[in-house]
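Next up: some structures, all given as structure tokens.
Heads up, the next two complexes both have subunit A, just with different partners, subunit B and then subunit C.
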Partner chain A sequence: MLEVRDLNSGYGEAHVVRGVSLDVGAGEIVALLGRNGMGKTTFIRSIMGLTPPQINSGSITWRGESLVGLRPHDIAARKIAIVPQGRRLFPSLTVIEHLTMLKSARAKTGWTVDRVFGIFPRLAERRHHRGGQLSGGERGMLAVGRALMIDPQLILMDEPSEGLAPVMVQHLEEIVLGLKREGLSILLVEQNLYSALAVADRVYILETGKVVHQGDAATLSQQTDLLFQRLGVQ
Partner chain B sequence: MTTIATQPALQSRTFAGMTGRAVAVAAIVIAVAAALPLVLSNYQVGLATEILIFGVLAMSIDILAGFAGRTSLGHGAIFGVSTYVVVYATAQAGLSPATSFALGIAAATLVAVVFGLLAVRTSGVYFLLLTLALGMIVWGICLRWTQVTGGENGMRGDVRPEWLVSHRAFYWAVLAAASLVSYAMWRFVRSPFGLTLLGIRDSESRMRSLGYNVSVHLFVGFAVSGFFAGVAGALYAMFNNFVSPSTVALAQSVEGVLMMIAGGVGTLFGGFVGAAAIIALENVVSSYTERWQMVLGITFILIMIFTPEGIIGTLRAMLKRKER
Partner chain C sequence: MNTFQLFNGLTFAALLFVVASGFTLIFGLLRIVNLAHGALYLFGGYIGYTVATRTGSFVLGGIGAMLAIAAIGFVLDQGLLRFVRGNELRQVLLSLGFAFVLNDLALVIWGGDSFTVPIPQVLRGGMRVFGVFYPTYRLFVLVTGIVVFAGLWGLLNHTRLGALIRAGVDDAEMVEASGVNIRRVFLVTFLLGSALAGLGGLMGGAFLSLYPSADAEILVFSLAVVIIGGRGSLVGVGVGSLLVGLLNTLGQVMFPELAYFVIFGPMAVLLAFRPLGLFGKAA
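Right after this comes the complex of A and B.
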């Protein structure tokens, strides 16, 4: 579904993403791993058409159509949603208002407020709380719920486990797997190796903007030497 | 493992999108307002009519300022264009009041569309200055295009249909119109689209990154806001039966903005409170002193310093504190 070929992007003189190629298939969870500052967020922003960064060369194809040069709202209209790093909620909007932007609370098709509250009952309890009044875990849930409201076929998740308590990370993993069963494709950008390996089908490791490893998540979890070498974990 | 099950969201009982409490408050306010002509003099009914009209103008400005974070200094011009068109259409072109009214609103919306196309890519002080400049252009046209606008002398015409000639009847008609457009504006800002304007006010870049076309949303917001300013302008034409360049002047826009601020930015209905406060002050103070503008200026300064959230905003904050 999503094919990225030889993508180069960066900020002015700073060449951050260097010739990255990556595929995400239908109903597949692909994890993009890497330490801080390796170009993961730059990569995801490039897919979503967000500027900066600027795409210097390469192709991004979604269902056979090029996404390069499209504006973020055009890309979102093609059913690609983003859960941005740091959640980026709206402090003056309530939980329910975050979910009903552009999709009425009475909508019956696709993802609805009821359905989002079904997977995140905590949000239903907090429906009238504003974005700025939520805990880290609730903010993470709302960011995912908000992305679901555009009925995406692909979700780009930028470090969704960042700053969450272990129990919340586990809950998030269950949600991600649940979304996969619904047929959604997910590109998961993570620093949290164990969280990513728990849900991903395939893994790419990014180092200084280049893919230095790609393969099955199950295989990678056995390759302790590689994990130590590339990600510094044992 | 969690399955993607559904759980019905809690539904609160509503009528036309309003909670029972909101319906009750709205009904009481409208009933009290409707009863006012029974106890007020003709002069005071005139003032109340003016308050309703300018309340609608202040609310239309609040759609942009309070909800999209864009304060317009061009809404006086949009308002005034509607007034000009209604007076011209009835007095010069001989059209019926209803047709003239519709034409006035259409013209104001068209002007808002042009303003919106030019202004939505700017924000902050640049938006303020651009809308101010656009308003000045409209003012310049109204002043110089004497064959049509009557120049500095303005235009006079009996705009009101016969059944609205009495002060009371016209007040009730304006009250009905103001109630209707207030409800429409309230529904608009509470709609999913209105929420995106709030999102834009909070963070434009955040909205962009979520895939919203910020410029298009602001443009539509501007056009809708202009439509409602046009309604106010058309009502004003019927109220005043006269229009001159001062109706489209910067002072008109500033007054609308001040009414909105005095009522409370982002409170929407605060527009009526702000309009009431300012129109009442203007009329009461001017009957005591010739320096009423100075008193008005000092009042604005005091409002900015002590109640920057406006009258409604401050009352809301006080109520919240009490509830705690």
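Right after this comes the complex of A and C.
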């Protein structure tokens, strides 16, 4: 579905993503791992068409069509959604407005407000609270719910477990696996290795903007020396 | 300050609200300090004057002013500002240049005489309110200000477009990444803000009259309103308009030599403690 080939992108003179190639298949969860500052967020932003960074070379193809040069809303219209780093909710909007601003509350097809509230009952209880008044876990749920409202086929998730309590991380893993069962593809950027390995089918490890390892998640979880070397975990 | 002067302050505040609410919408969402806003006000006043005198209809004057100024706003946004997006200094300079062009154009078309937009028969004369005999038209301005506030409040808080505008003030990039063509939201907002300047021009043209340099006066007041109220905040504009309107009247009555200082002195003090204004939020 998503094919990235030799992508180079960065900020002016700073080349952050260096020749990254990556695939996400239909219904697949792919994790992109790496320490801080290795280019994971830059990579995600490049796919979503967010600038900066600029794409210097390489291709991003989605279902046979190039995404390079398209504006973010055009990319979203092709059913790619983002759950950005830090959630980036709208402090002025209530929970329900985050959802209804993208699709009428009366819509019946695809993801609806009721369906989002169905998988996140907590959000339903807080529907009239504003983005800034939610707890960390609720913010994460709302960011996922907002992404779902465009009926995505691929969700780019940038560190969704960031700042969450372990029980919330586990809840999030269940949600991610549930979305996979619905046929969604997910590109998951994580620093939390164990959370990523718990859900991912395949894994890429990014180091200073380059892919230094790729393979399936089950195999990687056995390669403890590799994990230690690349990610500093034991 | 007596009741009559209080009403003067309130009605001036209502006019300021109509003009400055358009200004803050554009400033808050597009991050553009549109220094042509005063010129749009004056030009709207002239067009409203011409339409109202030719047709004999104040309402048509208002509609004409709003449509014409929205059209000019379209040219300003899509023809010029579009090319300097994200560069605040260029936007400011460009809008200032546009204001000069518009003002000179007005001078060519309408000359340097002062005009007063004719008030419809029903709004002439005065009526007794709270023990004073007060001009009906200025009360009408007050009511219009309140109606515009209610309308904008409803638009911003109870429609999808309003939610998108508020979300865009918070984080335009994230709105765009959620599948919304934010530039279209920007354009609609720009046209709405411009139309409000045009409406203000007609309303103000009937009691402050229209003359070259009236644009700069209203622009300075609008800036004060928005800075005091806080960028992009409708409630901020409401409170800012009341403060500026009342302080202006108070200053003119009690310290005529210091009329401007009575507004800008407190504003400077306010900004020292709340740099983002009363209701402003960090970007």
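General remarks:
Just so it is clear, the second predicted complex is superposed on the first by the 234 of 234 C-alpha atoms of A that agree within 3 Å, B and C clash if a C-alpha of one lies under 4 Å from a C-alpha of the other, contacts with A are read in each partner's own complex, and residues count from 1 in each chain.
Basically, contacts are C-beta pairs under 8 Å (C-beta built on N, C-alpha and C of every residue); 3 or more make two chains touch, one makes a residue touch a chain.
This one's a predicted model, so the numbers in the text were calculated from it and none came from an experiment.
On the superposed subunit A, the positions of subunit B and subunit C overlap enough to count as a clash.
Of the two partner chains placed by superposition, subunit B and subunit C are both touched by A:E97.
Contact comparison for subunit A: of subunit B and subunit C, B touches the greater number of residues. Of the two partner chains placed by superposition, only subunit B is touched by A:R127; subunit C is not. Applying the stated contact rule after C-alpha superposition, one finds that A:F117 touches subunit B and leaves subunit C untouched. Of the two partner chains placed by superposition, subunit B and subunit C are both touched by A:H73.
Of the two partner chains placed around the shared chain by superposition, subunit B is the only one that A:G178 touches, whereas subunit C remains out of contact.
Among the listed stretches 5-13, 77-85 or 95-103 of subunit B, only 77-85 clashes with subunit C once the two complexes are superposed. In the superposition on chain A, subunit A positions 48, 50, 71-73, 76-77, 81-82, 84, 88, 90-93, 97, 100-102, 104, 146-147, 150 are in contact with subunit B in one complex as well as with subunit C in the other. Interface residues of subunit A, counted against subunit B in their complex, comprise 45, 48, 50, 71-73, 75-77, 80-82, 84, 88, 90-93, 97, 100-105, 113-115, 117-119, 121, 124, 127, 146-147, 150, 171, 174-175, 177-179, 181-182. Considering their complex, residues 1-10, 192-193, 195-196, 198-199, 201-203, 206, 208-213 of subunit B touch subunit A. By the touch criterion stated above, subunit C contacts subunit A in their complex at residues 160, 163-164, 166-167, 169-171, 173-182, 281. Of all the residues in subunit A, the ones that touch subunit C in their complex are 48, 50, 71-73, 76-77, 81-82, 84, 88, 90-93, 97-98, 100-102, 104, 131, 146-147, 149-150.
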